[in-house]
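Scroll down for the structure; my scribbles are underneath it.
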Amino acid sequence: GLSTPPGPRPALDLAGIFPPLATPFSPAGEVDYARLEGNLRRYASLPFRGFVVQGSSGEYPYLAPRERLEVVSRVRRALPGDRLLLAGSGCESTRATIEMTVSMAQAGADAALVVTPCYYRGAMSGTALERHYAEVAEASPIPVVLYSVPANTGLELPLEAVLALAQHPNVAGIKDSGGDITRLGLIVHKTRREGFQVLAGSAGFLLASYAVGAVGGVCALANVLGAPLCQLERLCREGRWQEARDLQLRLLEPNAAVTRRFGIPGLKKAMEWFGYYGGPCRAPLAPLSPAQEEELRETFSANGWL
Amino acid sequence: GLSTPPGPRPALDLAGIFPPLATPFSPAGEVDYARLEGNLRRYASLPFRGFVVQGSSGEYPYLAPRERLEVVSRVRRALPGDRLLLAGSGCESTRATIEMTVSMAQAGADAALVVTPCYYRGAMSGTALERHYAEVAEASPIPVVLYSVPANTGLELPLEAVLALAQHPNVAGIKDSGGDITRLGLIVHKTRREGFQVLAGSAGFLLASYAVGAVGGVCALANVLGAPLCQLERLCREGRWQEARDLQLRLLEPNAAVTRRFGIPGLKKAMEWFGYYGGPCRAPLAPLSPAQEEELRETFSANGWL
Amino acid sequence: GLSTPPGPRPALDLAGIFPPLATPFSPAGEVDYARLEGNLRRYASLPFRGFVVQGSSGEYPYLAPRERLEVVSRVRRALPGDRLLLAGSGCESTRATIEMTVSMAQAGADAALVVTPCYYRGAMSGTALERHYAEVAEASPIPVVLYSVPANTGLELPLEAVLALAQHPNVAGIKDSGGDITRLGLIVHKTRREGFQVLAGSAGFLLASYAVGAVGGVCALANVLGAPLCQLERLCREGRWQEARDLQLRLLEPNAAVTRRFGIPGLKKAMEWFGYYGGPCRAPLAPLSPAQEEELRETFSANGWL
Amino acid sequence: GLSTPPGPRPALDLAGIFPPLATPFSPAGEVDYARLEGNLRRYASLPFRGFVVQGSSGEYPYLAPRERLEVVSRVRRALPGDRLLLAGSGCESTRATIEMTVSMAQAGADAALVVTPCYYRGAMSGTALERHYAEVAEASPIPVVLYSVPANTGLELPLEAVLALAQHPNVAGIKDSGGDITRLGLIVHKTRREGFQVLAGSAGFLLASYAVGAVGGVCALANVLGAPLCQLERLCREGRWQEARDLQLRLLEPNAAVTRRFGIPGLKKAMEWFGYYGGPCRAPLAPLSPAQEEELRETFSANGWL
């Protein structure tokens, strides 16, 4: 257990939809800040709760530290004050994570999204991860959101560690991308007293997550289909489950296509069809082949989105 | 794809809750049919849609073929005619599965629950599994329900195979115990025209499964907490999601305890606390230690069930 | 630990090569005992230490209990007395495994090869497996050989359980098909005093296994290339490592082709090219496509075997 | 396939033992270059082929880029000219990997050890990885050594990619830490014409790797037991297999203890017992508990090393 004294939960309301912004690159592979701002202008009309930068969809492992911070600054300046900015600040070491978290707070982030360190996964016990997050939360000037994404890290933040960290006053919630809905329900159930907030990490299980008590979602697909995702969120909040189900089911295949199936290259390609700048990924992420692009397009059209 | 001509869906309505019955053994390890019938009498007052025998909770891999059939016969005779009897008839080879399926139909089963063969998992491609199930469905006098349970078999029936098999007129649905709610939604979404029925394979994701369109559940926990699970089903059917959520969350820990955490020995122990006969498991399943039993009990009491 | 009193190791010398016999089926899918005996006659000239029946290559999960026993009887009668007969007697329950082991001893098996039960893998802790094997070893009239084959069972017999069981006087050794050469070395190292015998479970790591102290191998490839495998064994025994390496390397691709890559259908097809009866597998194992057959053949010819 | 024209293999002979140097930190967590040089002075008397810096044992994911380069410079200056310096230069993106590789060459590295990028593992197909390495090899002024370490990265560089890259004139070999001895043999077998060099990535399978044709090893344990590992290497080279086996077996448990079991904290603790500076790890790697330290010590003493 953590020895931190309980305190009032920071008044950070995470309820709603957050796109984890894709990072636009120029054909030469440089971060294209103008394109980023252009996308943000287009997103401005949608009722997003806020934006995540440097999530997995942002190719953050491919960005230099100064690029990571510059993206945060630019997005902060481009956003209205009522939109939250969550910045992914996770690094492998505790010290680097703290340093990055502090820098991102200075650059304007409202909260830090901290992915589990994973390289020495054999040593990343629940205890080690709990200590890591507690130290980051202690040092962070902004609330911390835990981030568990087994498809990328190969490990899941253990439930026991989540429950212990939920008691820390500077830990606001979790983005859980694992898709284990039983686990999400358990997190909700066991942290009710703490007001810990659960965000679904993918549009694939957004309705199911609301059904068990999640408050929102950080969904790659929101880069593409932001309006329907905000609509799904409203239907869930209003208890209109039959309509919510119909909408959720139509989003499943496009979501799978821009995540598991074709990854960020697929996400960026689809963004272009919906009026956003997508552009290339940094290598070793490879562009889609024409056949893959066709399959991606078919996924959107078969579900009535194109 | 399958070459079977489309036909009218068999009129087998799977909507509702099914306990996968535990198999009572005497202290000497023999099947105790009297205890089985005693449990069924106690279950008679609950609004279950029916019962599964020889599911994973029934220790079917530990039963001889004649025991498997005798259990089916006994349960059939003990059940009112309006309760469905689903019998697990899966074996490793196609020929043995067909033989067992036919025998179970003769013994009174209404439908056959057919687990994926798994020993040669490296060779169990979607194509091989699709062919297996198609041959079984062709030969079976009763409708077939697919059964995917990766925690036990180490493989998942691939989505593509499920979708192809959903078109077969003698395949009624699937019991999916994997807990991947995105996949469950995809199955519902892609088989709507066929009237294919999806059953959640665990109480851990029952509400979430209803939320995406499942029609029922085969839940080990129903051996213990049948009434609350039938209540949860009614709340879902009636669209009372807030109440459903509260109930679902209270069931998560007991469900985990009698499945993942303590397995069938835990399930049987908990049955005893609720007035059913539990008794021993066959080896190598081992009885709970006193400490485990205490932890199991705490799980039920902390959630208000004891 | 086990309470069995230490005693003299049974005088069962497992040193050498054992083919895990493929089970011949007629085109109609019946066990073809005449073909089985024909293959044995062809194998008679090779210096095998003995034969395994009902190993994974024997499609044992697809055989009825009476077929399993009849195969043992037939092979026993066909073998010269100086060749060992190891019979796979593992079932899911302890009681069925004991019953099958006793029956196989009566049918003429010299030792029982007992695969880890695996369906309830979440409950198959080292302790549970240790107790299972100890009970089987106690009840068995013939020595027991442990059998760990994670590619099929999805679990590995834990090292600690192996070391504990190595002290049992009726446990003669282990067939380890996992291919973790560090683990094999550890088993050799930690059981030296007990005279526990380690058999490599595949030709892919036969030389490496000898290098760390194994005494032999049970190799599917021996159904096809028995002579070179016996030659490899002799080179290893005589310390002619450079020649052994050259031979081992030429066997790697054919071995992978008849195991991981194309499984038993590949094994049986290759047997036919070398003068043995292969024939069909039971479903759901599917025959090779012409393209797969071509690839299989190329694997043998490119390494100078065809 | 790669379009690079074949050329003469660079004259970089990797045959022998390389310790992947642990990175000493002061109690405050700063890189302690004096301690690093002290350890190198102690290693000078051992017949190592060279040293690896920024391998997994070097906590490279916890070092800032400038620290990574400074370590390379310091080690280069401290080494006699006949000892090779391999520097781990892998980053997630191709562009960062190239930049780091070039910088490390400038800092004095003889070759670059390039770990597989892994965060987007779902997208890291053989094709994507092949392209990544080919671009790095093209741009690198020094030979590239592939580095596959599934225990940390959660992915294995596919065999087909290894074989294709083996044809590139600036790819000298592979450090394979996966321990799949069949795969190592296949790599040796299929790259014989190219003179591609295979290094075992752990002392646990060093003898077995030599047996199938590896030329050396990069072994964490060499930080602690360098002399016996060099002795094992000599015995293998001279074909004294029986002695080699005896030595290999005594190294298995200490090796497992400083890798899988206790990781780098265990490695550094053991270094202290043998006269080297170990010191703390950076968080989130945690120091051993007294009980763990005792178990570690027992592992060394039971095998005659303490």
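Residue numbering begins at 1 within each chain, and the chains themselves are lettered A, B, C and D in the order written.
Assume a residue touches a chain if its C-beta (ideal position, glycine included) is under 8 Å from a C-beta of that chain, and two chains touch if they have at least 3 such contacts.
This one's a predicted model, so the numbers in the text were calculated from it and none came from an experiment.
Trainee: In terms of CA centroid distance, which chain is the most far removed from subunit A?
Mentor: So the chain farthest away from subunit A turns out to be C.
Trainee: Could you check which of A-D, C-D or B-C has the same interface as A-B, with more than half of the contact pairs identical by residue number?
Mentor: Repeated interface of A-B: C-D.
Trainee: Per the centroid of Cα atoms for each chain, what is the distance between subunit B and subunit C, given in Å?
Mentor: Distance between chain centres, rounded to whole Å: 35 Å.
Trainee: As a quick test, compute the distance in whole Å between the mean CA positions of subunit B and subunit D.
Mentor: 49
Trainee: Counting only residues that touch at least two other chains, what does the list for subunit B look like?
Mentor: none
Trainee: Note which residues of subunit A are touching subunit B in the complex, please.
Mentor: It comes out as residues 179-182, 185-186, 188-189, 202, 204-205, 207-208, 211-213, 239, 241-242, 244-245, 248-250, 252-253, 255-256.
Trainee: Note which residues of subunit C are touching subunit B in the complex, please.
Mentor: 29, 56, 61-62, 64, 92-96, 117, 119-124, 127-129, 131-132, 135, 151-154, 260, 263-265, 282-286
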